[in-house]
Amino acid sequence: MDILVSGLLLGGTYALVAMGLNLQYGVARIMNLASGEMLVLGALAAFWLFTTAQLSPVLTMIMVAPLAFIGNWLIYQLLLRPLVKRAKNQGQLEVDSILATFGMSFALVGIMVAIHGEYFTYSYLANPFEILGTTVALNRFVAFVVALIIGVTLVLWLNFTRPGTAVRAVSVNTEAAKLVGINVPRISALSFALGGAVTAAGGTLISTFITLDASVGVIFTMKALIIVIMGGVGDMRGSIIAALLLGLVETAVATLIDPGLTLVSAYLIFLGILLFRPQGLFGKRAT
Amino acid sequence: MTKPGRTLLKVQGLTKRFGGLVAVNNMTFDVHEHEVLGLIGPNGSGKTTTMNLISGAFPPSDGSITMNGQRLSGLAAHQIARRGVSRTFQLVRVLPGLSLVDNVVAGAAFGYRKRWGAEAEQFARGLLERIGLGDHMHLPVGSLTYIDQKRLELARALAGEPEVLLLDEWLAGLNPTELQEGIDLIAELRREGRTIILVEHVMDAIRSLCDRCVVMNSGAKIAEGTPRDVLSDPEVIRAYLGDE
Amino acid sequence: MTGSGWKEIGLAAGLVILAAFVPLVTDGYWLSIAVTAMMYIALATAWTLFSGPTHYISLATGAFFGIGGYLVATGMSDYDISFWVMAAVAPFVAVVLAAIVGAATLRLSGIYFVIFTLGLAEMIRGLVSWVQNNFLGSRGLYVLTDFTEAHIYWMLLIIAAVVYLIGWLIERSRLGFAMKIIGNDEGVAKHLGINTAAAKVALFMITGYFTALVGVVIAPRYSYIEPNLVFSPELSFLVVIMALLGGTQRLWGPIVGVIPFTLIWETISVSFPNATTFYLGLSFLLIVYFIPNGFVGLVEKLARRRQG
């Protein structure tokens, strides 16, 4: 029961990060390997404002999200759009965007290490909290609830608004979206920016209950990627379920075997998915 | 004309579903040795999908394809190619980074009857001569005209000396002079006794080249017989022209 | 066989002979730089063997390298097996890993492969540390040999030369020809009878073998081995940068990239030890935006301009 509750709470925040990445890869077709660093930037902001100004991470999140939106929009327009234009085919774009976002990832780590080279340790709502007969830290629960609100809002926005529908259209078929008059470059930039904002928001939340440091981003990139592939590229609902699943498995492995093996367990899941359901848990087999 | 021989390729109950759409529905037909079989029908009737199933571009949902009693369905494309099925593509696909000779060697090196090294090169040159590209041998592939690219693709498909050759609208997009050259080229292959499945829209070509035709509509077979018989079949005419 | 092919291999042989004299004319600091450079030449050439024709960015270098180094250390320290036996065995473990990773990912689009290799070194490090702590007891692992820096240098030179020779042979083989066709149009390649997944996995296994072998040979240089040291994700990225900087369209491209980059990197590591990550990122960005085809691309562009 402990594992179930903690696992689901962890999975909830993973879901947010994975949704962010999924917006960037599934819609804007940019495999953003700097996603984890965006998350850590959010965490760093939360840590910094909490330790210097006693600002609640939830408030920080509300400030960080629009900033991350603008920052990611600029990254897309200034750095990634030229690659999209230059690429002769999807393969070329993938290679270029992988290399470019690796560059950004390392550069960001370098900058963050320069700002704060140690662990982002702070204590926010670390009180015990009882839920379903299990005691968890309150901060985990709060992070989960906030992640849930953001996630549900995002899904509703995607499904029931005009711009949301345009985003989904681009995700399904870029060429066809162009033909029905959707401004694909604009929607791609929007999705990339939105994805970055969601990821950074996820980072502020995660920092309340996991102690991060400047160089830990790649682990989160890895996990978000595994979740996105498990849930199906472009499939938000799939991402959420896959994230909860990964949260559960990781918590189970960490509690029952060894915390050092969480990445190994994520890899085993990944391997299984690649071998048996490369189209994602809920995707139709592509032909 | 060579007399059609024994059954070489057998298609039975072949079905392909894409999600809810049934693109090919319970197709059954035989292909005899040394015959040119026309696979015809209106646009979207499932001809190219049938070709893709035979060549292994994707697996069938149901049914079987056998050649000389050996099962082809369920095998990967490269395994089917090695068993002697080669093809051209609806939209011509030459290898732009390779020389003309290497384009043809590519068809010989891994296919049904394998050739490599000097032998393969010599064989490729011979094929290019025969197919009418002898004078262009040293040009870059990108500078070839459309029909010459189609010739090159045909030479590549022939290079493995396949048992069955699949030509997917090989004559489409050619101008009248080129069309006549193209028809003559296939007629020559037919005289050599090759076994060919031809997806085609050009009626003149169907009439003059095909020994038999299989007509498809909405994924299913609606007629089979000599070109003259099927083209005068009322159901076939209705399929092409609509119900009115 | 074309004349230029023989000329190329002759030139390479000449360079190998020249390079063999380096330890005789220098020692100390410059020899140690030469060992590092030779290590990267071998690694980057092995990387290009696979990633050049496939365009798949492999980040598995750290994992293969780590397997080589770690197995030598644990074999010698824990089981008293000789260096040479471990050197013969360890690379094959990497080959098995390459086969598994390749079989799982290379049937699919390149992106899955990149993601899978991204965390591979880290994952194996976690696994190895766990096994070591729980089942083997965490003793230190020592690789004590009589090798000098010069010996290590020569061994690396031999590996680099062999990798180059194999690459040269592959380019002229049916496997190389198949890779060329796959690079042009993978769909056509399949229909011509090429088992595209198998061809890619085969190349990846060759890369895995030699990368692990470099890890084996470098192990005596460290003498004390920890999983954290040899399963280094940074190594994977450095190799990618050097190979891309040189250019991956030609087998000699990486060599051209390694030598200047090793020197630059050495300077950065000494002058700004805390900012290496930042400069690593900067190098990636510079390459992607300003020299996307590497030095090879630049040279060939200039040559074309001069001709026409």
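Just so it is clear, A, B and C label the chains in written order, and each chain counts residues from 1 on its own.
Basically, a residue touches a chain if its C-beta (ideal position, glycine included) is under 8 Å from a C-beta of that chain, and two chains touch if they have at least 3 such contacts.
The model shown is predicted, which means the values in this text are computed figures rather than measured ones.
Ranking every chain by how far its Cα centroid lies from the centroid of subunit A, the top place goes to B. With centres computed from Cα atoms alone, the innermost chain of the structure is C. Taking the mean of the C-alpha atoms as each chain's centre, subunit A and subunit C sit 31 Å apart.
Here the spacing of subunit A and subunit B, counted between their Cα centres, is 48 Å. Centre-to-centre spacing of subunit B and subunit C amounts to 44 Å, using the average Cα coordinate of each chain.
In subunit B, no residue touches at least two other chains.
Here subunit C touches subunit B in the complex through residues 174, 177-178, 180-181, 183-185, 187-196, going by the rule given at the top.
For subunit B in complex with subunit C, the residues that touch the partner chain are 55-57, 76-79, 81-82, 86-87, 89, 93, 95-98, 102, 105-107, 109-112, 116, 156, 160. Put simply, subunit A touches subunit C in their complex at residues 31, 33, 82-83, 91, 94-96, 98-100, 102-111, 113-114, 117, 215, 218-219, 221-222, 225-226, 229, 258, 260-261, 263-264, 267, 270-271, 274-275, 278. By the touch rule above, subunit C contacts subunit A in their complex via residues 55, 57, 104-105, 107-112, 114-116, 118-120, 122-123, 126-127, 129-130, 134, 233, 237, 240, 244, 274-285, 287-289, 292.
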